[in-house]
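To keep things clear, I will list the structure first and then write my remarks on it.
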Amino acid sequence: MKKSLWASSAFVVLGLILIFMPLSGYEEGIVALLCINCIAAMGVSLLTGFTGIFSLGHAAYMALGAYTAAIMTVRYGVHWFPAIVAGGIIAVLIAWLIGMPTLRLTGDYYAIASIGLGEAIRLVLENWQSFTRGARGFPGIDSYTSRTVAVGFFTVLGIGMFNLIYSRLGRELKASRDDRVAASLMGFHTPSSRMKALLISAFYCGISGALLGGYMNFIQPSMFDMMKSTELTAVVVFGGLGSMSGTLLGSAIVTSVMEYFRDISQYRMLIYGCLLVVIMVLRPEGLLGSREIWSFIPIQTLRSVFRPMPRPDARPKERG
Amino acid sequence: MENSVQFSTLFQQIINGLSLGSVYALIAVGYSLVYSILSFSNFAHGGFLVVGGYICYGLLSGVDVYGFFEIPSSGIWLASLGALGGAGIVAVLTERLAYKPIRERTSMTLYLLIASMGVSIVIENIFVILVGGRFRALPQDIFPSALFNLGWNVTVSSSDILSLVVAVFFLGGLQFFLSRTRWGLAIRAAACDLHTAGLMGVNVSLLISIVFFVAGLLATVGGIFLSVRYTLYPQLGGITTKAFVAAVIGGLGSLPGAVVGSLILGLAEMLTAGFISSQMRDLVVFSMLVIMLLVKPAGFFGRQISDKI
Amino acid sequence: MENSRVLLELDAMSMFFGGVQAVRNMSFTIMENELAGIIGPNGAGKTTVFNVISSVYSPTSGCIWFREQDITLLMAYQVNRLGIARTFQNLRLFGRSSALENVMTAMQNRYRYSFRETLRGHLSPSYRPDPAYHYSFVESLLHLGRWDGVEKHIRAKSMELLERVGLADRMFQAAGTLPYGMQRRLEIARALALDPKLLLLDEPAAGMNPEEVFALNDLITGIHREFKLTTLVIEHHMDVIMEICPHIICMNFGAKIAEGTPEEIQNDPEVLNAYLGGEEAENA
């Protein structure tokens, strides 16, 4: 059970490094963007990788978070911190309303329903002119998402996510992912397990959207279309389904690559699409498979190297 | 007076809805066909339609391939034929290069789903790079553009009639192919159980290629009519989301279901546009999808799947 | 050892799938601390009986009573919390998790069963999480409070169980990659982790070689004795059940055709007819 302690300390160290590392303004922006994308990716990873629910509409929860935070800060002058948290909570509430009827669906059916729901939320935001200013977007959001804020949220939410995975909830979700019937016969009420995963993931996506609003200073319904939802899920699959550290790695790589190709923006999406296909063909299990990154550290081999007198019968096991 | 306006709007929108629905049906049937064999949502289906649309556009207006050689503009028959064949080949290539290696490796359809999204992004952006993101109208004179007045201010354009006729022709052809030919029988068998069909001596990989060719071909027929209706642009493939919705409403994997679902969807969309507002169209479409999934997830004609415990 | 209290009672239970009568008018009782077996040819409806008892399906007609409570209409997870655990004919492990995690997953779901006086004045059974195996959401989020102690407890207990079924050295292997016989034993360990009152074993010997079957018989009888656990076993191999179960129910074509001790079953004309008749039909 030291794994989680290691993960938490790694997060704190990473957070401190990211906050105090001397960077140019442009690089600071990229760090903030990385954190924002990672938060959303973690949420989707819990849902897709750990619970086996495949969603193609999670950008909608980002949109809800972004619009909630934007409207609260701009229109009602609320401080950014409660506004961001409120963004997460609104996303959770809507997710709950949506999840109640739709989580009964499984497999492709839920994915297709989530497309419909995601698009419906986006269309509502687009058509509710008086409240959201419609398709032309919502300008003039304070740039409250500084590097420190983004990294801070990322660290706290990251620790929370890893803690959740290494607790009863993590096992519950994995059980209902691997075999729903068996899970329900192990005493899990699988619909509520799935609901928990959906709500947590909606919270993460809501926070991420709220931070994105403060980062871009401008939001628009079309930023949160099906393309964005696909990207969220694709990043999770790229990192490896059922591997949270893989998700973070995948998200970091995809964000950096996309940033690197910003200048040739028209080729950017082409490269991204090719990448998706190539990864699925060459390594469908993703970067890390369903293992966490520290399981690649050959602890047993290290131990056997440093053990003074290895017993003849205790050969280090081959891993992988 | 008010009543008669309402009445003529109703008729007009029903005609428009059937015409749009018939186009959706062409797309949805191919999508459903692939789903019935491989049970995954092929999101690249919209890409095939775009490929076909651009080939048709290119052949109609003549292409200058970077100054190397020039293809002169050709008539609608040749252009359509090229488009159908081209899109079919692209569909088969997609299957062979992207899906087949994945299928051979894992049985999880999720990977196919994501790969198909990748393919759809690739196709979309290839056209963004090659021909730019501009909207392009197909030359107006490819279809006879007569308007027939049916009285009460209800008009039918010849392209509406044409799309209906063509859709019926192609769907009838598909029905004939599936019910009267050897390969059609094999495809129906594979839709029940691909693995067993393989054991019975069906060449599965050829069969899947045929299915993709047919799907690409039908999508292109729909695509040409769509680009006449909405002009042609690289993101046009996104409209297939609606064909997916139609296929789901009818029952994923069921071909009559896809046709019925498409007609329902086309009607719902046009009636919403006529009586509520055209901005609500998409909202109605997606609400219908969600409601259908909640009430009857298997759709009107779908198979109920249950696993053995 | 012998206890006369009824644990499980099926009362005229029938299960139809469309027009197919999978189980017809099935009645039997299982006493506490019994080791009972259901035998019958393939397709006799044995697994359907299990599926109905564990509430995967709710029966078309009839009632099921468990510890004097009607569980006919309960959901699977509720029945489970009342103390019925089962294994599956075609293995249903959490394949990507390790063997240890599989057991821990079940272990964290231990429920305590108690009777509670309801407003209407009659006793109503209730179950609440066993505090020794449970901690709250906030504690899992922060890894504070009871988290550490409970996790350690669950882990240690799970390891004990794995040792008991002989899987101690494969603890960290992904369940899906274990050999077949081990997966079967892991399923038993996982069911035991729930601390059930009634254990349902669905064809535990399927696909095992004679040696493994022998060890399995030992395991089942051993568990039955040690945990004082009422056990109901399904088998279509008559010899397995004849050897370990003092109480046998024989099914054919969805109906009970005989019930009694192994000797009674072996000498029952209808059972002989069912098995021999089946063979005759096969030979013909």
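Letters A, B and C mark the chains in the order given here, with residues in each chain numbered from 1 onward.
Throughout what follows, a residue touches a chain if its C-beta (ideal position, glycine included) is under 8 Å from a C-beta of that chain, and two chains touch if they have at least 3 such contacts.
In this text, all values refer to a predicted model and were calculated from it rather than measured experimentally.
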Core chain by centroid distance, with centroids computed from Cα atoms only: A
Remotest chain, chain B as reference, centres from CA atoms: C
Separation of chain A from chain B, taking each centre as the mean of its C-alpha atoms, in whole Å: 33
Centre-to-centre distance between chain C and chain B (centres being mean Cα positions), rounded to whole Å: 50
Centre-of-Cα separation between chain C and chain A, whole angstrom: 39
Multi-partner residues of chain C (each touching 2 or more other chains): 56, 88, 92
Per-residue overlap in chain A, given as positions that touch at least 2 other chains: 181
Residues of chain B whose C-beta touches two or more other chains: 309
Partner chain A, residues of chain B touching it in the complex: 39-41, 98, 101-102, 105-106, 108-115, 117-122, 124-126, 128-129, 238, 241, 244-245, 248, 252, 279-280, 282-283, 286-287, 289-290, 293-294, 297, 307, 309
Chain A partner contacts - residues on chain C that touch it in the complex: 54, 56, 75-77, 80-81, 85-86, 88, 92-97, 101, 104-106, 108-109, 111, 134-135, 137, 139-143, 147-148, 151-152, 155, 190, 194
Residues of chain A defined as touching chain B within the complex: 54, 101-102, 104-105, 107-109, 111-113, 115-117, 119-120, 123-124, 127, 181, 226-227, 230, 233-234, 237, 241, 266-267, 269-270, 272-277, 280-281, 284
Chain C contact footprint on chain A (complex, rising order): 1, 4-5, 8, 160, 163-164, 166-169, 171-172, 174-175, 178-179, 181-190, 242, 290
